[in-house]
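Remarks on the structure that follows.
Letters A, B and C mark the chains as written, and numbering starts fresh at 1 in each.
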Amino acid sequence: MPSPASNWLASARAVFTKDWRCELRSRYALNAIGLFAVTTLVVTSAALGPAGTNSSLAINVLPAMLWLILLFAAAAGLPRSFVHEEESHTAIALRLAAPPSTLFVGKLAFGVSLLLGIEALVAPLYLGVMSLEVASPGLLVIALVAGGYGLAAGSVLIAALASQARGRSTLFSVLAFPVLMPLLLLAIELTRNAVAGDAAGPALPQLLLYDASVTIAGLMLFPAVWNP
Amino acid sequence: MSSVSLSFEGVRRRFGRVRALAPASGRVSAGELLVVTGANGSGKSTLLRCLAGLLAPDAGQIEHLEAGTALSLPERRARIGFVAPDLAFYDELSAGENLEFFARLRGLPVARGAKLLERVGLPADRAAGALSSGMRQRLRWAWALLDQPRALLLDEPFQNLDVEGENTVRALLGEHLESGGLAILASPITLEVSGAVSRLELAR
Amino acid sequence: MTRTISLGLRGALWLVMSACIWGAFFYAWSDPAFVGQSSRILFFHVPMAWTSFVAFFAAAVWAGRYLWGGRQMRHDRAAATAVECGVLFGVLATITGSLWARIEWGAYWNWDPRQTSIVVVLLFYGAYLALRSAMADREVRARISSVYALIALVVTPFFYFIVPRITESLHPEPVLNAERTLDVDPRMFQVLLASALAYTVLFFWLHNLRARSQALIDALEDDPS
């Protein structure tokens, strides 16, 4: 007889696998996020040129631009995770079959892996196109992982809220912006420190605290979002 | 086999200004079938969604007993079998993969889905998005029976089925009732059903 | 009996608020040589900002009571009403603040840490109200918006750490703030405290009126006869 904990984990993994399987067959989010990221990359690069060679631009502007690209890419693809369940009426079967916490963890794992994958493509491309030299690449990776996690976790939680209301995609942006703003400010600060070669500073523990807070808040609040 | 009963008292629901369900009461025990009839808009689907725990009623009590103990709301959701017109599955996955996913989600043996698909006469490798409406209805039945529920909530369970399909699911319903399960069936038209049947007519 | 008490409370509130207005102009800084006349706006601006903070915190408490206190609609109505009042006081605080900023710092808007914070907080609760209006069903609306109010409670404290760091570079010179002047004049402190108290009571009174009228609107919707 398997333990409740391993059952719980198996359920969460089933959600994660199902989401990836559906995604790889429809390619909806991958196409939306990928095309969005490439388009914005081309536009910013055409407008700024190899801006990384200008050290003031490199430190003050480029980290913020990177995170704005990632924010909009996330907003283009991640809300679908829950919105599609409601729109295609699969949410009913899901409500009856799974305890909400396993569903949230499965969806969270899907969102985080999707966004980290996109970052792995977009960030090197961005550095190359902008000719941006990063003084501490290790810190940049930490910023991308910790920031990407928070961005995905916040987006998944807000997507769950927005999927219950009318005008889901517009509402998502309105709801997500204030929630994600501290995360973006912290991630930008950390990325700037990485580019400039400064120490991580207070932004890193605060970013990790944000990630933990959103995860815990999600686990506590999601059951109320998902079920009456 | 453990005994099961489902009773509800004064369950009602509004959607904004619209009264979707006037207070409804009823009771079903093991081996019994309750047929809920009423005109369009009388609240049959709303009642079933309240009983399934998918919708919070504005007022009223719902008691779902299994082996003498009352189930909590999450347990109720997990312990019912639900068939309804707006129940849908993942278009990107095949019928078999859909049931496999739900079996894994509930920690059930994966082979159970294949057996049920065979029983309702549905090819397991057909993508759910490419199923005809009658085949979708068969898939809903197979999904509802996956965890061998003791209580079935059936909203227009025979719609879109051909003669052979209707005979199959009627047989499934008969076996369910014979083995001591209960069922609540909602339909806008009067249905011919045999066995221990009680009726509830909803007024608008 | 309760009517008399309620009348007495309202009378007391009226008296205290009038006294605060009088105090702001004639009691605090009675020295006629005092130059910063515009600073008297502080006696209204600071209590407004404080009250909006109280209102948003109260909204989160009511939201929590809705979710974990038996899902009673009156708690959701209370939370929504508190947010509405909080936005009202927040907007008033922003307007009075930027008027004062124009006189003290020369511009209506300076992206000073406090200005930045209130904009973000107002965006948050603006989004809360937008979310409510996008849901027709009362039960779903109550659940989903309660969750959002609690998310706001989790996220907004981060601005407290972040905002001073990022706005520092824009405003290196220290700006005048309430705490610094508090030490200067005890009379000012007295008026400020009384005013903050009066505004808080005003909030609860407004909140009570609005929540009761909303309860009547809901009841009328349920039973139009």
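Here are some notes:
By definition in this document, a residue touches a chain if its C-beta (ideal position, glycine included) is under 8 Å from a C-beta of that chain, and two chains touch if they have at least 3 such contacts.
Just so you know, these numbers come straight off a predicted model, no measurement behind them.
Each chain gets a centre from the mean of its Cα atoms; the one farthest from the centre of chain B is C.
When chain centres are taken as C-alpha averages, the shortest distance to the whole-protein C-alpha average belongs to A. Between the CA-based centres of chain B and chain C the separation comes to 50 Å, rounded to the whole angstrom.
Chain A and chain B have Cα centroids lying 37 Å from one another.
Chain centres here are Cα means. That of chain A falls 33 Å from that of chain C. Residues of chain A in contact with two or more other chains: 228. Among the residues of chain C, those touching two or more other chains are numbered 136, 139. In chain B, the residues touching two or more other chains are 56.
For chain A in complex with chain B, the residues that touch the partner chain are 2, 7, 10-11, 13-15, 17-18, 21-22, 25-26, 88-90, 92-93, 95-99, 102, 227-228. Against chain C, in their complex, chain B makes its touches with residues 14-17, 56, 58. Taken in their complex, chain A has these residues touching chain C: 157, 161, 164-167, 171, 174-175, 177-179, 181-182, 185-186, 189, 202, 206, 209-210, 213-214, 217, 221, 224-225, 228. Listed in rising order, the residues of chain C touching chain A in the complex are 67, 120, 123-124, 127, 130-131, 134-136, 139-140, 143-144, 146-148, 150-152, 154-155, 158-159, 161-162, 165-166. Residues 71, 136-139, 221-222, 224 of chain C are the ones that touch chain B when the two sit in their complex.
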